[in-house]
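Look at the two complexes coming up: subunit A is in both, with subunit B in one and subunit C in the other.
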Partner chain A sequence: MQYMILSVFFPVLAGVYLLIKKERGNRKYLLVSTGAFLVITAILVVLALCLGREGMFTLFSLTERLPILFKIDEISVVFSVLAVLIFLCAGFFSFEYMKQEKWEKKYYGFYLIILGVLLALCFAGNLITFYLFFELLTLSSFPLVLHERSKEAVMSGLKYLFYSLCGAYMALFGLYFVERYGNTLTFSAGGVISDQAVSNHMGVLLLVAFLMIMGFSVKAGMFPMHAWLPSAHPVAPAPASAVLSAVIVKAGVLAIVRVVYFVFGASFLRGSWVQTVWLTLSLFTVFMGSLLAYREPVLKKRLAYSTVSQISYILFGLAVMEREAFTGSMLHVLAHGLIKAALFLCAGAIIFKTGKTRVEELRGIGKEMPVLMICYTFVSLGLIGIPPTGGFISKWYLAKGALTSAIPVFYWLGPVILLVSALLTAGYLLPVTIQGFFPGEDYDYGALQKKEPSFFMIFPVLILTILSVVIGLLPEGVIGYLSQIIEKIV
Partner chain B sequence: MDFVQNFPFFSIILSMFSGIISSVLPKRAAKWVNTVMIILVGIFSFILLFYMIGRGNSYTYMMGHFPAPWGNEIRVGVLEAGMALFFCIIMILSLFGGRKKLDEELEESKHSLYYILADLMLSSLLALVYTNDLFTAYVFVEINTIAACGLIMIRRNGRTIEAAVRYMIMSLLGSGMLLMGICMLYDLTGHLLMSNIHEQVSALAVSGEYHVPLLVTIALMSVGLAIKSALFPFHAWLPDAYGYSTVSSAAILSSLVSKGYIFLLIKIIYRVIGIDVFDGSRIIDMLFAFGLMGMIFGSLSAIKENDVRRMIAYSSVAQIGYIYMGIGMGTQAGMEASVFHILTHAATKSLLFIAAIGLTDVSGGSRKFIDLTGAAYRNRWAGVAFAVGSLSMVGVPLFSGFISKLLFAQAAVQNHVKMLPALIVLGISTVLNAIYFMKTVIRIYTPVEGTGSGEGVTFKNMKIYVVTLVCFIILNVFLGVSSQPVVNLIGQGLAMFS
Partner chain C sequence: MIMLVILLPILTGILIPLIPFKKRKHMEIFLESLVIVNSLFVWYLMFHHTESIFTLANFTGNLSISFKMDGMSMIFGGLVSALWPLATLYAFEYMTKEEHEKVFFLFYTMTYGVALGISMAANLLTMYFFYELLTLVTVPLVMHTLTREAILASRKYLYYSLGGAAFAFIGLIFVIIYGNTTNFVYGGVLDLEKIGGRTNVLLLVYVIAFMGFGVKAAVCPFNSWLPAAGVAPTPVTALLHAVAVVKSGAFAIIRLTYYSFGTEFLKGTWAQNVVMAVVMFTIVYGCSRALKETHFKRRLAYSTVSNLSYILFGVTIMTPAGLVGAFSHLVFHALMKIASFFCAGAVMYQTDRQYVHELDGMGYKMPCVFGIFTLSSLALMGVPGLPGFISKWNLALAAVESGNSLAYWGIACLLLSALLTAIYMLTVVVRAFFPDKEFDRSLLDGIKDPGWKMLVPLFLFSIAIVAFGLHSVNLVKFFDSVAMGMK
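Then we have the complex of A and B:
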């Protein structure tokens, strides 16, 4: 039990310690301590997941009916493992990358705090705890967006803050009603709304569910509240973008999983107008995100638009509310997390070594950094959904889930749009590889220099690539593990 | 009768007499008398609060030798004692936080005058809180106005004198309306003691006699006190008065003076008019509507403001709108939320004013946003305190502002007619609050080239200031984390009113 709370508090305290410590210009000390803190957190999380599975832990009570409560279930395990993995990899990557950036101490401080807050979100046991840490996540990730302190960064940061606070307020609006009509605020598989309230206040509750889904999906970048994401993610330093795009947007996904499957219950929403609107919006976002990414010339921005599209794959799977689609969503959470982190780290390594940010400048990049670009190619194939990578399995389940569901129109429209978007994904990711490895006849091979990034940068990318392929090769373990909880909630 | 029951009387007399004595004392002595007096009154109120919790019901205390319908009375319940304690805490923290600034800004001869005014202010606030007699309330409303004017213009320059004159005019308009209301009530009922009027008003409401005069009376008293507590659209005097006076005055004015009037209004609603009669009148909807408008327009004005002190002042308009919205809901839950927000706002707004002065001081005394860039690095404590205050006002969990909003929303959900407008405006105003407070926090944390950290501002040379800020932050987090006992006490206190 206590491990759980320790794994939340330790990184936050470590981050605060780094922030308030006097700067002495001793970079090595900073890196070693950050690395040590990250590893200790990972160990604490593993301990918590192994030993702290039973029961709940109440930290304190905000008011009589609103305790701050933690508990661990299968969903928490998936999300917390992903968070820790990506934070470790991106943290390792930052040790090299952040050399060129100012205010490093601040960066690592907030980096650790965000990890703690994310873990708290994964372990949150009721809606008010979740809301509390959701707000704190916005506030603690805000400095990462602001990191450059340029005009662009400040404006994107404000946009991020504004959208997130609006979204969080919409969600809070729902919380008041859930407190009134629910049996309890604690998440429980299958929903907490009392039957009497369902029959008496159907209309209001559906509206509330819709508002909560819309509010939390701001963090996940679903249309029409997606505009902050493509501007906020790329302005952060590359490892921070990786974390923002791969993990922090998943907080929105986790929120929706909790709201739909643990507060309202899938059976309550299935077949309602909320489901229809949600499916429409998520499919539209899938298509629109890919299209915008296809048109975007700056690599990091292209990846951010890709996040918009890919997260909506996950949301689509959740909106279908069938077992296989849900499995697909959870697999895509993992696959997209690993892949998007790897892609952003690749983009970061390219910027670090060459300073190039636009896609058309990247001709011949594969000749300069072969290992990095091979990793890039592998994860790109994964994101497109070509076997045997992780993306294939998840999209397979998503499409199969949609096809077997009985939702009119969407049962065929969904898979079609997923396919079209996969084509677009190939269209926006592969040109970098093609141009990179086959620069064409007029390419000046004489001026070619080997620019392969150092071990610190390559290693995390390699790990992420391997993991994303492994998920595709051996998905049985994850699927088997998830099936226990899916039985209960869908 | 227990000896403790004398404490309210002692508190009022003590604060008033320390004002009188201070007029012949030198500056330092006046300061000490003031400090010791506030602490003593605070201790009295604290003991009284525990006595009241143990006692479980309210009591009235006869002033002088004449019994009830003729004499003057004090009435004490849990809420009164708690409010008195809270006012003392905020007052002493505000004075400590602004003391350094006070020493710089005031002429030598004015120092003891300032403490006299502060003493009188506290005595009038305590009297407003404790009195059971409407006319006594009116007298102390006037004393309060005069003390407030003095506090505004004690730092003599053109802006403060103009602000004080504006405040005086608006305030006198308000007290005039209150006085007319009291006169009409006296005509209708023949009484001045709250409990006696209440009986008569209930009888009138049942019989249906004098319906229109009663309505006019309620309107006059509500609007009068609304003007005095700067409810939108009667807030024109507020930004100058809070924006240009010395910082302690601004903190005291925003967190105590307007709150004293609101508390008086709540007392009138419960103890004089009766909550049922008040709910039945249209006035309550008017207060609700003006509260909602204040929440939006106050924030909009704050967004447009380019001067940090005036921005905080405009934010008060919005926050007072919240309080009136809660009162306007006409439910027990709404009233509890309002009283809790009185505490929240007092604790947060004085923190913001005092933190802002620390920031402007290290920015060459300029209050323009552009000059505040990076101020949080030059004065770290003020920066952190300002950030905490802002987060609380925006309504981030763990701070008191969140609990206020939660209580308001919970109250709104119970009221079917007013639920939708209340929740929508609450949402809009939260976002607007976030815009201007976060804008300021980002501004003060944006580094500028060539400034070291904490130049000249160390813990040593501003111990009192830092300790004050820390106390305020603790108060805020306390209200945010363990709000349940406080809310329970408020509920208990409101129950004792009727």
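Then we have the complex of A and C:
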């Protein structure tokens, strides 16, 4: 129990300490302390997950009916483990990458705060706690977006901020009604809306559920509120893009899991117009994201569009509201998290070493940095969904779940669009590999230099790659672990 | 005792130009100690008040000037008396750059008494009397700098306020004629038998009186005096035009709605819908104007316009829960807005910068001021754990519970306004802390945080903001009992 709170507060306080500490220009000290803070946080999280699983913990109460409450369940475990893993890897990567950037102290300060807030989101036990940390997540993560302070970065930072706040307020609108018509605000598997309210206020409640889903999915970049994502993620420094794209968007996914399965309940929404609209929007986003990524020449932007598309795979799986689809979504949360982090780190390493940002400039890159590009290729295959990688398993479950569901039209349309999008994914990721390793006859081999990035950069990418493959080879553990909770909520 | 707390500041004010102080410091000590003493009296009264009505003068019939301390007086009086000593302290430092200090403090201190008079008035006539007085003593404060702009602004302020009061007067007359008494009684005083078939006339009168008092509360379309009055020295804009004056408008409307006409008479009528719609429009209008405004203080003034209508939105829900929401925002908004105004004032005092686009990078040079400004911005936009969230929560829950479909739209307005608030406040914060890459920091050389007289009030406000944000249970319980008519 105490570890739960510590793992939230420790990184936040450490981050605040870094922010207010006087700048001394001693880079080594900064790196060592940041690294130590990250590792300690990871240890605290492991302790919390192993030892502090029982019961709820109320920190204090905002008003009599609004306790700030923490609780760990299977969903929290999945999301928090992912968050810690990726923050460790990207943090390690930053030690090298951020050499070239200014305001490093600020960067690490906010980086740690975000980790703490994310963990609080994972452990949040009721809607109000969740909402509190959801807002804090937005507020603490926008400084990373505008870190470089160019005009473009500042504008995208503000865009990110205001889109997210807009979504949060839409969700808040729903929160008031849930407070009124729900038995409790505490997350409980299967929903909290009272039966009486369901029969008397069906229309309002459906509208409210829709608003909450739309509001939270702003963070997850679902159409029509996706526009901030492709402009905000790429302008941040690469390791920050990695955590933004791999973990922070998942906060939106987590929010929707909580709202749909732990507040309203799948049985309430199944078959309603909300589900239909949601399915339509998520499928549209899957397709649109891939298509835009396919047309995008700048690598980091391309990856950001890819995130738009991939997160909507997850949302689609959630919207189907069937067991296997839900399993697929959870697997894709893990797989996409690891893969997208690795991809952004690769893009970052390329920028760091060569300064090249556009895809067509990357001819022969595989000759220059073979290890990095092999990692890139492996995770790309994973994202496309080629067996036996993580992406394959998750998409398999997603498609299977959709096919076995009884939703008219979508039961076949969903898998079809997923497949088309997978094809597009191959189309936008693999050209980098192909041109990188096979630059063609006219390539000037004489000018070739070995530019393999240092250990600090390669190692995190390697770890992420291995994990993403392992998850595809041994998914039974995760599936078995999740099946208990899934049975309760779907 | 009630008379003492009202008259003491007024007399103190009058004495200031008469006493030949040797040093400025003597005047400061004299004034500050008297204001603090008066505040202590008010707080003493709050805990040891009696239910009885104190009548000063009796005119014909049931018209009298009389005072009483009830729950609502405690809320408004307590708020004003808590803020005044701090604002006075702030003013000492701020006013060193302005002329005619004595005249300023004369009226500034008198206003304290008048505001307390409004809060403790026991009937409509007394409240009306002090309400007019409030206009008269604050006009010189707006005019203070004597620039052309200030004179125009004060004239505008005077005409708007007097005009509003005239409309409110119509309400007063009708309540006298159709009520059992002019005293404030929770639940209203109208005599339904006397009214007979003239319900619609009375509803019309209510709307007129609402708009009349609404002038001070800057209800659209009568809000333009408030941003214009921002030319006054910052202690005036912060304390009077974010708290004392404008909230006395809201206060008067609460008295009118809950204690004179009565919610039972008004609820569910077209009059309720009309005022609610006006208020909802003002909420959005104020925010959008704030967004467009580039003058720092005027932006905050427009934000006040919108936030005052949050309070009035709670009032127009016309349920006890709505009133609780109104009270919470009345108190919390006062804290948040006075803090942000004082920050703006500190910037003006230290650097003479008035426009938002001049604030680039200032967060590094004035970390305390902009830290507190950030806090108050977050509170205003309603981040949970800060008071703005609590009051919005109370307002929205009241709206949901009332089942009134117009009130549902009101929640949407509140949230839209929260988003706009985030935009117009956070753009300032981002400018201050995250200046452009090419920004030349040497432009800011020599700028630093202001002296302790300015910082102490700011720190106290920020402590209060955090404290109320985390723990408001007892306060809201008290509001509850007032709103149920138990105090």
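Just so we're on the same page, the second predicted complex is superposed on the first by the 490 of 490 C-alpha atoms of A that agree within 3 Å, B and C clash if a C-alpha of one lies under 4 Å from a C-alpha of the other, contacts with A are read in each partner's own complex, and residues count from 1 in each chain.
In the analysis below, a contact is a pair of C-beta atoms (placed from the backbone, for glycine too) under 8 Å apart; a residue touches a chain by one contact, two chains touch by 3 or more.
Predicted model, so just to flag it, every value in this text is computed and none were measured.
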Since both structures carry subunit A, what do subunit B and subunit C do when superposed there: clash or fit?
clash
By the touch definition at the top of the document, which applies to A:Tyr445: first (subunit B), second (subunit C), both, or neither?
neither
Answer with first, second, both or neither: which of subunit B and subunit C does A:Arg149 touch in the superposed model?
both
Does subunit B (first) or subunit C (second) touch A:Phe162, or do both, or does neither?
both
Go through the superposed model and pick first if A:Phe60 touches only subunit B, second if only subunit C, both, or neither.
both
Common interface residues of subunit A with subunit B and subunit C?
60-64, 66, 128, 131-132, 135-136, 139, 146, 149, 154, 157-158, 161-162, 165-166, 169-170, 172-173, 176-177, 179-180
Write out the stretch or stretches of subunit B touching subunit A in their complex.
391, 394, 396-398, 403, 406, 409-410, 412-413, 423, 427, 430-431, 434-435, 438-439, 442, 446-447, 481-484, 487
Touching residues on subunit C, where the partner in the complex is subunit A
378, 381-385, 389-390, 393, 396-397, 399-401, 411-412, 415-416, 418-419, 422-423, 426-427, 430, 434-437, 469-473, 476
Enumerate the contact residues on subunit A facing subunit C in the complex.
60-64, 66, 128, 131-132, 135-136, 139, 143, 146, 148-151, 154, 157-158, 161-162, 165-166, 169-170, 172-173, 176-177, 179-180
Counting only contacts in the complex, subunit A reaches subunit B at residues 60-64, 66, 103, 128, 131-132, 135-136, 139, 146, 149, 154, 157-158, 161-162, 165-166, 169-170, 172-173, 176-177, 179-180
